[in-house]
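The structures come next, written out as structure tokens.
Two complexes come next, and they have one chain in common, subunit A, joined by subunit B in the first and subunit C in the second.
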Partner chain A sequence: MRRIPAELCVRCKGAKFLCGLTSCPILERFRAVTNAASKVRLDVGLLQGSTPPSVIVGEKGYPKVSLSFNVAPEVVGEQARLYEDPAGWWGRASLHDIINYRSSLVSNFSMYRINDVWKLYEREISLATISERPVLSESKVTGKLETKLKFDGIVMPRGPTIKADDIRVTENPKVPKILDRLINDDVKANDAVLTLYRGGEDVYRVVSALSTGLLGTLKNRKLVPTRWAITAVDSIVGDSLLKEVRDLPWVSETSVFFQGYLGNYFHIIIYPSSFFSTWVEIWYPTSLWAGELTITDLSEDYWGKYGTLDGGYMAARLAALEYLTKIRRSAGVMIIREVTGEYFAPVGNWHIRETVRRAFNNRLGSFQGLGEALDLVQGRLKDGRVKLREIRAIKRVLNQTRIDSFFDS
Partner chain B sequence: MRVVYDNAMDFKAIIEALAKMVDEASLTFNSDAMELTAIDRAHISLIKLRFPKEAFKEYDITEEFRLGFNTQYMLKVLRSAKKKEQLEMESQDPSQINLKIIGSMVRDFVVRNIEISASEIPEINFQFDVKAKVVSSGFKRAINEIYTVSDSVQFNATESSLLLKSAGESEIEVEFTKDMGGLQEISIEKPVSSTYSAEYLNDVLVLTKLSGFTKILYSEQKPLQLEFNMDNGGSVVYLLAPQAG
Partner chain C sequence: MKFKAVDAVSIASILRTVGEFMPEVTLVSTKEGLRLGGVDPSRVAYVDIVIPSLYFQEFESGEREVIGIKLEDVINALKNVKKNDGLTFFTNEGKLELTIEGDFERSFIIPLVELEEPKNPGINLQFAFKAKMLTSTFNETLDILSDMGESVVISSEDGKLIISVEGDVGVSRVELSEAAGNLIEASGTNASSVYGLDYLLKTTKMRNSSDVVELMFGTQLPLKLRFQLPQEGYGDVYIAPRAE
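Up next is the complex of A and B:
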């Protein structure tokens, strides 16, 4: 992660923007956190407010994990939704806005063993996290409010944290019917995730349901750390879509799609081929995790075999497979992600899923072949020094000839 | 139809390679041979096999019989096959066959015959500048080792040797020469080099179990042909399209 030297901040004090950002992250965080903190009544040990809904199950200490029931203090009803609303945020909320929302959400945590799922269910805590509308709660809190924010590449940022001795859900959660049925059914988690997705539930609710142990065979339900649950849902749904897409006829032409959000820019090339996917990430020198220009790549073949599991890729892959399922075509997919200095704080991988989904509404054009499409993308890159044709995974696709092209010779 | 084959392990090896290429395939039994041709899903490689009736212990085919199957399922069925076990396939009803693996005990499976649309694959007859014959076990090791470090294998031939090289940052070279015994025969029209996917080659290395020697044929920027010719007359041919540049 790029570090802004402390001496720069000391000289700047949030006024001169010496770090190159458009607003001072330290001041913004401070404002949001103090605002949230002022609403927690530490003197009486009470935290009141609605959850958007929002929950994060940690992975540290597994099988004894922390469960953060995130609450917007003193915010009641629909207004709370804004604090966790990936699909609604997209295109509207800036990185600063998102950090603000998340800093204002108090992470109200308690420790559980992973098989304590029924305890959470009886007290409607897990149900509140999958509700269709924000749910009011009251927590008895002790200790100090820890005002640190936690950032992660997969999970959304976590706001100030406080230990909850008792969380009471004071309003009835509105659980979607299909989910309500699955909670009572003895169905494997894998099948339940697919039933929910195919029933039109959004992936974020499915992740919360899986994470809080509401899915799976009745005997085996467990809390699942959110970070694992996100990638699990992406890959369960993606694998199932891939099975369907694999047997469909190929697309007839090469197309390029584009979309950008939060300093992340995605070019997606869809070309006639059996399914084969290539994922390239270009991190520019001032971006979040990279001190220098860094390029990573991975490929997934027809059978769904890939080299390394990457949460970012799994999110983008889901969006691409959703598109292919929708147009009832199979294709080769090349996703090129550019990450610029504008992306200075990681806010989870939801934005990758959402941006790639929206890219498919923005087609730049159709092309003769993969080479021509790559030339267009090459010309549109933020830094022309990156040579797409020299990237290993791309070279591999470009250089491989087809056996049927030799049949006539 | 009824056929009995002496070594179920041969079938297992073929199905293992096939399962890496396609999800469905079709075996054709006609009066003089059992045949199969398939192109992988990405249209990069092709496999062709022919087992003449003499390769079987019993071969009773009165009219052409096509057996369409799911390769993953067939692989599961054959997974239990051990050395020196016999394979028996029999069908009274065209919708299914009875497959038996006979060893110290008999495993009996019913495999559904599925309809597979035949893909148009023309007769292939390439001319090759290099023809070599190497020891199968050595070839297997060479590809396997190159695959661990590289995406591609470069084939280089001279009049007395065949050199396989990794392409990319890490370098591995494996040389087959007549002196060392790894190379049985080589004939070249001209010294040529050509590059092929290490992953695709690695996927079919199981075929090296079929024959002591592997025939390697290729030309520059043209497909590579591997031939596994068995003592009983059966043969498996694998063709792989080159990588350009």
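Up next is the complex of A and C:
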């Protein structure tokens, strides 16, 4: 994450915005955390409120992991949904809003071994995390409320944390029928994920179900760290869609799509070809993680082979494959992500999936070929110093000749 | 169509190699033998395998028989073949019957798929440079370079064959020549072209089927790899260059 020099904050004190942001993240976080903390009754060790639902299984210490059952203190019913609602947030909530929501959600954690899934099931804790509506809970908590927020590029931010000695779900979770059936079925996790996705469940609920050990063969169910579960679901569903898309006829023209949210801007080029995907990330100076202009890339071939596993790419890839499946066409896909200084705190990779999904509703135009489409995107980049045609993964596509051009006519 | 090979591993490796390039393939059998291949879906490579009838212990074919197979099905069936296993392919009423004879007999019935009959394209190129080497030498070279980058420069300089890969951390280069004893033959003029390394790596399974490979290329021309098979059979793989 970009470091704002402390001396700047000391001089500014949240009033002059010397860091260039439009509001002070320290003050906003402080306000949200103190607001949430004031609602936890530490004197009697009680935390009451609804979970949106929201759960995070940690990976540190695997196979003994933390499970954070996230609760909005003293918030009851539908109002709690706002604290974890990626699809509903998109386009409406600013980065500040999202940080505020997450800062207001108390991460109510306990340690479990990964095969403790049935304990969580019997107490309906795992069922509450996949409920269609917020679920009321009551937790006995001990120790200090740790007010530090945790940010991550894949998982949503985690709010103030407190240790839960006992979590009681005090309202019946509303579990979708298809999920209820799969919890009781002896089905491989891979097949269960696909059944849920094809049955119309959103990927976020599927991730929670996989993460809390509700899917898989009955003997082998385990808690899965949320970060792994997110990429696993993107990957399982994406691979299945790719198998379907690979054999479809090619798109007939080159199109460019665009969408932006939270300081992340996506241009997507779809061009006539067998499936081949190119992912380019341009991190501008002052954006997260990058002190200087940084460009990363990766490619995925027709067979689904890629060099490195990137959670951001897997989320974008899922959205692109959903689009190709919808139009019943195969294509070459080039996704160019620009990350600007507006994106000053990571809030997980959900926004990549959601923004790319929505980009396909915003076509900028049709073009003669890939070169012409790239010229358009080049002209729209936030910084003209970036030369798209010189980026390795793009060069690879542009320079590759086709064998049929050497056949005797 | 019916054929029986005494070396199941060799046939399995040929099919695995083709399976690296394409999901399905058409097998065409005539009295002369078997031919399979096609252009890969990304249209970068063309594979053309010819296995003469004499290669097989038994070979029966009509004038011209054409079947389509899904390679994943066949490769899965052949995944446990051992060196001395025999292998029989037999087509019967829209199905392929595959029998592996070894310590015990295993049979698989695989449905055929409908594919367009391939038109074998003419591809007559004047290559600037040709070199012949052991397939094991070729594989070792690719093995050395495989993790270094994603495109490979193949060039010839004064009769030497130079294969190099430029990666993020530097350039790796392997030089092969008749004088050094790692080329069986080499001839031609200086040339240089760039190819996708991943396409070359797809050919490494041919090592179990072929002992000698001939490599042919020219500047801005496809790379042709001819894997020699017994009884004058061959496995040709053409890879289109990158215009760099």
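Some points to look at:
Convention: the second predicted complex is superposed on the first by the 407 of 409 C-alpha atoms of A that agree within 3 Å, B and C clash if a C-alpha of one lies under 4 Å from a C-alpha of the other, contacts with A are read in each partner's own complex, and residues count from 1 in each chain.
Keep in mind that, in the parts below, a contact is a pair of C-beta atoms (placed from the backbone, for glycine too) under 8 Å apart; a residue touches a chain by one contact, two chains touch by 3 or more.
In this text, all values refer to a predicted model and were calculated from it rather than measured experimentally.
Partners subunit B and subunit C clash in the overlay (superposition on subunit A). In the superposed pair of complexes, A:302 makes contact with subunit B and with subunit C alike. Contact with neither subunit B nor subunit C is seen for A:382 once the two complexes are overlaid on the shared chain. By the document's definition of touching, neither partner reaches A:113: not subunit B, not subunit C.
Once the two complexes are laid over each other on the shared chain, residue contacts for A:16 go to neither subunit B nor subunit C. In the overlay built on the shared chain, the residue A:276 is in contact with subunit B and with subunit C.
When the two complexes are overlaid on their common chain A, residue A:400 makes contact with subunit B and with subunit C alike. Shared interface residues of subunit A, touching subunit B in one complex and subunit C in the other, are 246, 273-274, 276, 301-302, 392, 395-396, 399-407.
For subunit C in complex with subunit A, the touching residues are 23, 39-46, 121-125, 150-151, 194, 196, 198, 221-222, 238-244.
Here subunit A touches subunit C in the complex through residues 246-247, 273-276, 299, 301-302, 305, 307, 392, 395-396, 399-408, going by the rule given at the top.
The part of subunit B that touches subunit A in the complex is made up of residues 20, 23, 39, 41-46, 122, 124, 126, 151, 197, 222-223, 239-245. On subunit A, the positions that touch subunit B within their shared complex are 246, 273-274, 276, 301-303, 392, 395-396, 398-407, 409.
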